[in-house]
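Each of the two complexes below includes subunit A, the first together with subunit B, the second together with subunit C.
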Partner chain A sequence: MGALSRIVLHRLFLGLLTLFVVSIVIFTAVNMLPGDFAQAILGQGATPEAVTAIRRDLGLDQPPVTRYFQWLADVLHGDLGTSFAQANFVSFTGSDAEKASVLAQIGPRFANTMFLAGVTAAIAVPVSLTLGILAALYRNSAFDKVANVFTLSSISSPEFFLAYILILFLAVLNPLLPSLSNIYDGMGLGERLEKTLLPALTLTLVVTAHMMRMTRAAIINLLASPYIEMARLKGMSPMRVIVRHALPNALAPIINVIALNLAYLITGVVVVEVVFVYPGIGQLFVDSVKIRDIPVVQACCLIFAGAYILLNLLADILSILSNPRLRHPK
Partner chain B sequence: MNAKQLLKIRGLKIEGRSDETWTQIVNGIDLDLNRGEVLGLIGESGAGKSTVGLAAMGFARDGCRISGGSVEFDGVDLVQAPAATKRALLGKRIAYVAQSAAASFNPAHRIIDQHTEGPVQHGVMDKAESERDGMELYARLRLPNPDEIGFRYPHQVSGGQLQRAMTAMAMSCRPDLIIFDEPTTALDVTTQIEVLASIRDIVEQFDTAAIYITHDLAVVAQMADRIKVLLKGDEVEEADTRTMLSAPTEDYTKSLWAVRSFERPMKPSIPEGATPVVSLRNITAAYGTTDVLHDVSFDMHAGRTVAVVGESGSGKSTAARCITGLLPPRAGAIAFDGVDLPPDYRKRSKEQLRQVQMIYQMADTALNPRSTIGDIIGRPVQFYLGLRGAKKRARVEELLNQIELEPKQYIDRLPSELSGGQKQRIGIARALAAEPRFIICDEVTSALDQLVAEGILKLLARLQDELGLTYMFITHDLATVRAIADEVVVMKDGAVVEQGGKVEMFRPPHHPYTDLLLSSVPEMDPDWLDDLLKERGVDNIGDAAVGKM
Partner chain C sequence: MTNISRRGLLRSGAAAGVLAATGLPVMAQAKKGGRLRLGLAGANTSDSWDGRTHSDTFMIMAAFGCVFDCLTEISASGELVGELAESWESTPDAKTWTFKLREGVTFHNGKPFGADDVIESLNMHVAEGSKSAAQPIVAAISEMKKLGEHEVQMVLESGNADFPFLMSDYHLLMYPAGQVDEAIAKGIGTGMYRAETLDPGVRFLGKRVDSHYKDGKAGWFDEVEIIAINDASARMNALMTGQVDAVNRVDFKTEPLMKANPMVKIFEVTGNQHFTFPMLTNLDPFTDVNVRRALKHAVNRQELVDKILQGHGAVANDHHIGPANQYYAADLEQNEYDPDKARFYLKEAGMDGLSVDLSASSAAFAGAVDAAQLYQASAKNCGIDINVVQEPADGYWSNVWIKKPWCASYWSGRVTEDWMFSSVNEAGAPWNDSKWVNDRFQKLLIEARATLDSGKRREMYREMQELDSKEGGTVIPMYANFVDAASAKLANSGTIGNVFQMDSSRLIERWWFA
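Let's look at the complex of A and B:
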């Protein structure tokens, strides 16, 4: 097991290094956005004095390198900073300053996004694996072709289009599900699930094709192997040949594609959130970019990058674990 | 069909697909097999012997189809039978042992789980029962630690042991018929003996019928009661083993038997004080931190062939990598014409690089599939000799003539349009293109059929005489050594155990390891294996004997 933990530690270190590099890229990119919070909040009629005052309050007058290291130091202490917009709001209304922290802003939104991603994954992963296995089993049959055409057309259609089609059929023509996903705290799990189902179904349509086709391809790729031939010559049924003999050896590429799609579910679902008015992190991200609320934007980017890195790390580790050569060295 | 008859194949035709058209590759074969009988099926690659073997199970690989005839197993025609009927027979009453056990065991499951799968799925035994039976079979097949070895994964077990575990797996449902498809081709001679002996014992013990497919005549002589010779999908002849060996009737069969007679005339001995072309002095080399060569020294003299023999893992190829500079040795030196070469090929001059060339075992992978033959041979011509345009083309044509391939016909072809033997000839031409004095031949004939291999050996011998080349001939096949070598170096575990002229090496007394290697080479005599086992004693064959040294 020594070799395995060494690989994991090595990957973990590389992940952290990547995260550090990404943080530089994020900071640079965000700072290259034209305009800043002061200009965005004060509008076109802002006096230079007012703009300077706000910039000084927020520390925007400091040189970028200083600001980067300040930000980095704070992040390493678990402090993602204070939302410019909320700080502004708090100073006007005198309400609770705690609410202005980026963490308080992002926390519930992130939880919502994770919930949506979780529901989607719970539907999409088993469905794609099953479809992929069946498509490999009945390859080149009518079922295989229909499954391919269906998943390919769904991945090729824009997300909002899929969303509206589902709304049309499942909310308007047959009022089975609510078309708006206004989630709030303290909602019961059942109601929450009901409201999340339509966006989750939309996302399922988006991610299924990729995972299903990889499952099918990875399995078919192995069907010419001598050990598959051996299994068939032992008189094993086609289903058993695929599930017991091909699938365990095809796991690594499948796991990687699943991880990639899960990462997409966390980071790339803005459009679907907007269509269903789902209060996820994507909407918050877009809003914050609009008003140049830099701490929130940076924190969102960092979370996205972290999610990608973590999921890929997990995929790597699981792929390694799926290989008996690494689990059981000579 | 009489009561003793188990398998009856009539007019079996099989087609293979190439470029969207179906061409016939087996042209109506008849085959009969009684219970408990072993039939040897021999022929070159492409003869259709594996295809016939699989068809005896009612099975055709992807890209092949059984287009005619019948395969009657115990009254059931496997060609016409529905898939479910066939599945009920496969594994249970007809089993298969593949050429490469390493590739045919599923890497994701433990050996014993794969062993018990057949009996459990076919409802012959329950899992615990089959596990116990497996351990018993492992013991009968003389596998080490029979109670424990099944719980390992395939990659944790050596090739020879896996091959025996696969035979045990084939036996797991006590089938009536086993198809052995070249089960020892991928093994070293010492390991091969052990597997052969195990297979023969167990087939006799359970009175199982078998079809034994191989291209090695000496092996089939030990295993089979009858032999059937195939050529390009047709039967050449069939007879019982002793008749076939002593009095083959067909010319083709006679030519197969004759291959082993090729032997080069003796060369005069090396003159006193001659400087060797290549000389290894006290080479120690390592992969990572593990030493794989220990203090290896030998000389190779001008115009001679030095055969380096040993089993896989003995360090033969590593020594070659040291000479070419791909693996700089940890200690010691390599001299060319008495002058030390820089250990790393990157530090060698173009002239030094030109003098040492290589021919590889797998011509398939050693030739760029997207380059034409003209480009493959032309590249070293241009790189080492600086020839371009018409001069380069003329030189390439000259080289193709030297390797006996018509230039106009071959120069624009791709490697995929050549046969295995022709590809290996291209490999030779590419090495010659640099006009070297020293060529390393790394198992160049081991992937080829005997007739084709002999052609390559004769070509190499002729080129040596014409061009005064020096060969380092890496091989594990002692028949090849006998045919072509002048001097022999025997390696084991990264060290030289014995070296000398060929005549001395083949004349006793030998180093015990050389003796073991020599006596392990199967001979055409059908009693050879029995005699050898008697002589060595059951517990002292193959791997076991190596271990005791």
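Let's look at the complex of A and C:
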């Protein structure tokens, strides 16, 4: 296990380095966009005095390099900074500093996104694994082909299109589910689940194909191995061969694909959130880019990058644990 | 009672109560109860209860139209009535205004409303470092005096006959004196609905207060929920599937589908909102009035209304006053699309042809780039070569507007002629986006402001509209309607305000469930 913890530490270190690079790239990119927070927030009503006043209040009059290192120093102290949008408001009132921190703004949104990702994963992972195993079992049958065509066409369609199709069939023509997923604090779990179901189904359609095809391919790949043939010769049922013998050895690639898709569920759901008006981190991210609220954009990107890094790390660890050869290296 | 003109109320608002009473027979049908759910575009994560920062629909509806009150209010039919002010009067030079305030009004935290609240709430806008859009209105007040617990006197730097109208502006909300910070943090006003929750950029929930001075005239819903839906398709969907009861900014592309749905009603009014192409008249070639006239005759206005607004608008006449204004001069000679006239004016300017850049972006108004391209096509027949420059939407108002010689823009309009003209045409005003300065116009602007006689004002504002239309620096091809939609379950008095979208942002107070 010493080797494993060494790998984990090494990977964590590389992950931190990645986060650092990501933060520089994002900061530069947002600064290169035309306009800044003061101009964006004032819009047509911008007068030079008001723009200068807001820039001074928020420190936007400092050169970018100074601002970046200021931000970095704060982050290393565990302070993600103050949202420009809320700081601008607080500078009027001098009150409620708690509300102004990026963490306080992102926290509930991130929880919502995790909830949506959780509900989707709870539906998508079992469904795609089952479909994948069945497709491998009955490969080249009508079932295999239908499942493939269906999942591939849903992954090939743009998300908003899938979302509208689902709204059309499940909300407009047959009013079974609400088309608006405006969940909020203090909502009961039942209602929350009901409101989350349509976006979760949309995302399920998006991620299923990838996981299902990988399961199918990984299992089929193994079916040609001598030990599977041995199992078959012993007279085992095809189902048992696949579930007991093939699946455990196919786990590593499957876990990797699942991790990749889970990361996508956290970082790539902007479009679905906008279509269903789901108050997740993706909407906040888009809103913040629109008004050049750099601290919030930075924090969102760090969360996105962090989710990818951690889930990939987790996938690698699980693949190692699922493979005795890697678990006990010579 | 029916022949009270809007302006007749100006010098004395005492008739306001009587006017409101005439509205009662209609209101008798109104029913109390229910939770109104609105799906609104125009929400931002930077939203707060600070009226100085309000500019977008979500917060205007939640604050101005729901939780807070102003001193005066413009009724659905366009009369000025008292809100927190009961009546008002001025000296003959329109310089000193005395407002009598309503008695027995309390804020949601129980504090009684009085003269101190008015003075402190207005002073917020001129405080050091204030970024308020209403700053010029309050800065024009040279002195505010408390004459009694419920009486305030305001002395203006120069006479302004429209002053009580300005007090109905959505920025000028009344906050409790000494507790402004708390009121901004929590949303404590005197409105018919108490703020329960505000999640910026996401959701607002308000509950009806038990008793209010507007009882019996407005405020029929028990609860109001506003959901931020900035995406147009999602908003239309939410209304069609019954998730919300009303939405703003109907998407013109799906409007025919919504019309076909018996559960949905579209409500549309032509207000003062107009789409413009301002030229910087201090830069060549726009310094020459003949060039400006040539360009005004080179645009096919009806085509723009038909293709850009899909018919949801009206042809405009190159001045900033709209049909919702009292002194709108509908009978002025219309500037028409006329290639011969355009060529004639070019010749007058000593030119054979003209080549100009026109900057446009969707930030100016929806379809601005398409409108510029249609303009380009129609101008080609007039010997004018317009080069359409597509600008990024981000930073458009800071980097293009009033920076580039000719660009696309819009104005949502103002309730009074003076306010509109002093925002966009007064010499030295920061938003004078054409830099057009005309001596006769400036003289009339100042004279009309201090004139209380309605007939004289009509004459003066007519002449100013004519000057703006004939000589001004802005091509104004069209008025854009406010197009909103509501569920068939909702009912209203039959008169819908046209100052702003959603029944002049008063839908929450004025409508009810049938």
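In this text, the second predicted complex is superposed on the first by the 316 of 330 C-alpha atoms of A that agree within 3 Å, B and C clash if a C-alpha of one lies under 4 Å from a C-alpha of the other, contacts with A are read in each partner's own complex, and residues count from 1 in each chain.
The rule is short, and it goes like this: a contact is a pair of C-beta atoms (placed from the backbone, for glycine too) under 8 Å apart; a residue touches a chain by one contact, two chains touch by 3 or more.
For clarity, every value in this text was computed on a predicted model and none was experimentally measured.
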Which superposed partner A:P324 touches (first subunit B, second subunit C, both, neither): first
Touched partner set for A:E159, first subunit B, second subunit C, both or neither: neither
Touched partner set for A:Y227, first subunit B, second subunit C, both or neither: first
Touched partner set for A:H245, first subunit B, second subunit C, both or neither: first
First, second, both or neither for A:D316, with subunit B first and subunit C second: neither
Which superposed partner A:S237 touches (first subunit B, second subunit C, both, neither): first
When both partners are placed on the shared chain, which of subunit B and subunit C touches more of subunit A: C
Residue ranges of subunit A touching subunit B (in the complex, touch as defined): 223-227, 229-237, 240, 244-245, 248-249, 324-325, 328, 330
Complex interface listing, subunit A residues touching subunit C: 33-36, 39-47, 50-51, 53-54, 57, 83-86, 88-89, 92-96, 105, 164, 167, 171-172, 175, 178-180, 182, 184-185, 274-277, 279, 283-284, 287-288, 290-291, 293, 296
Residue ranges of subunit B in contact with subunit A within the complex: 54, 57, 59, 61-62, 86-92, 95-96, 98, 100, 103-109, 117-118, 121-122, 152-153, 155-156
Interface residues, subunit C side, partner subunit A - complex: 39, 44-46, 48, 50, 52-53, 55, 129, 131, 133, 180-182, 184-185, 197, 199-203, 227-231, 233-234, 237-238, 240-244, 392, 394-399, 401, 409, 430-431
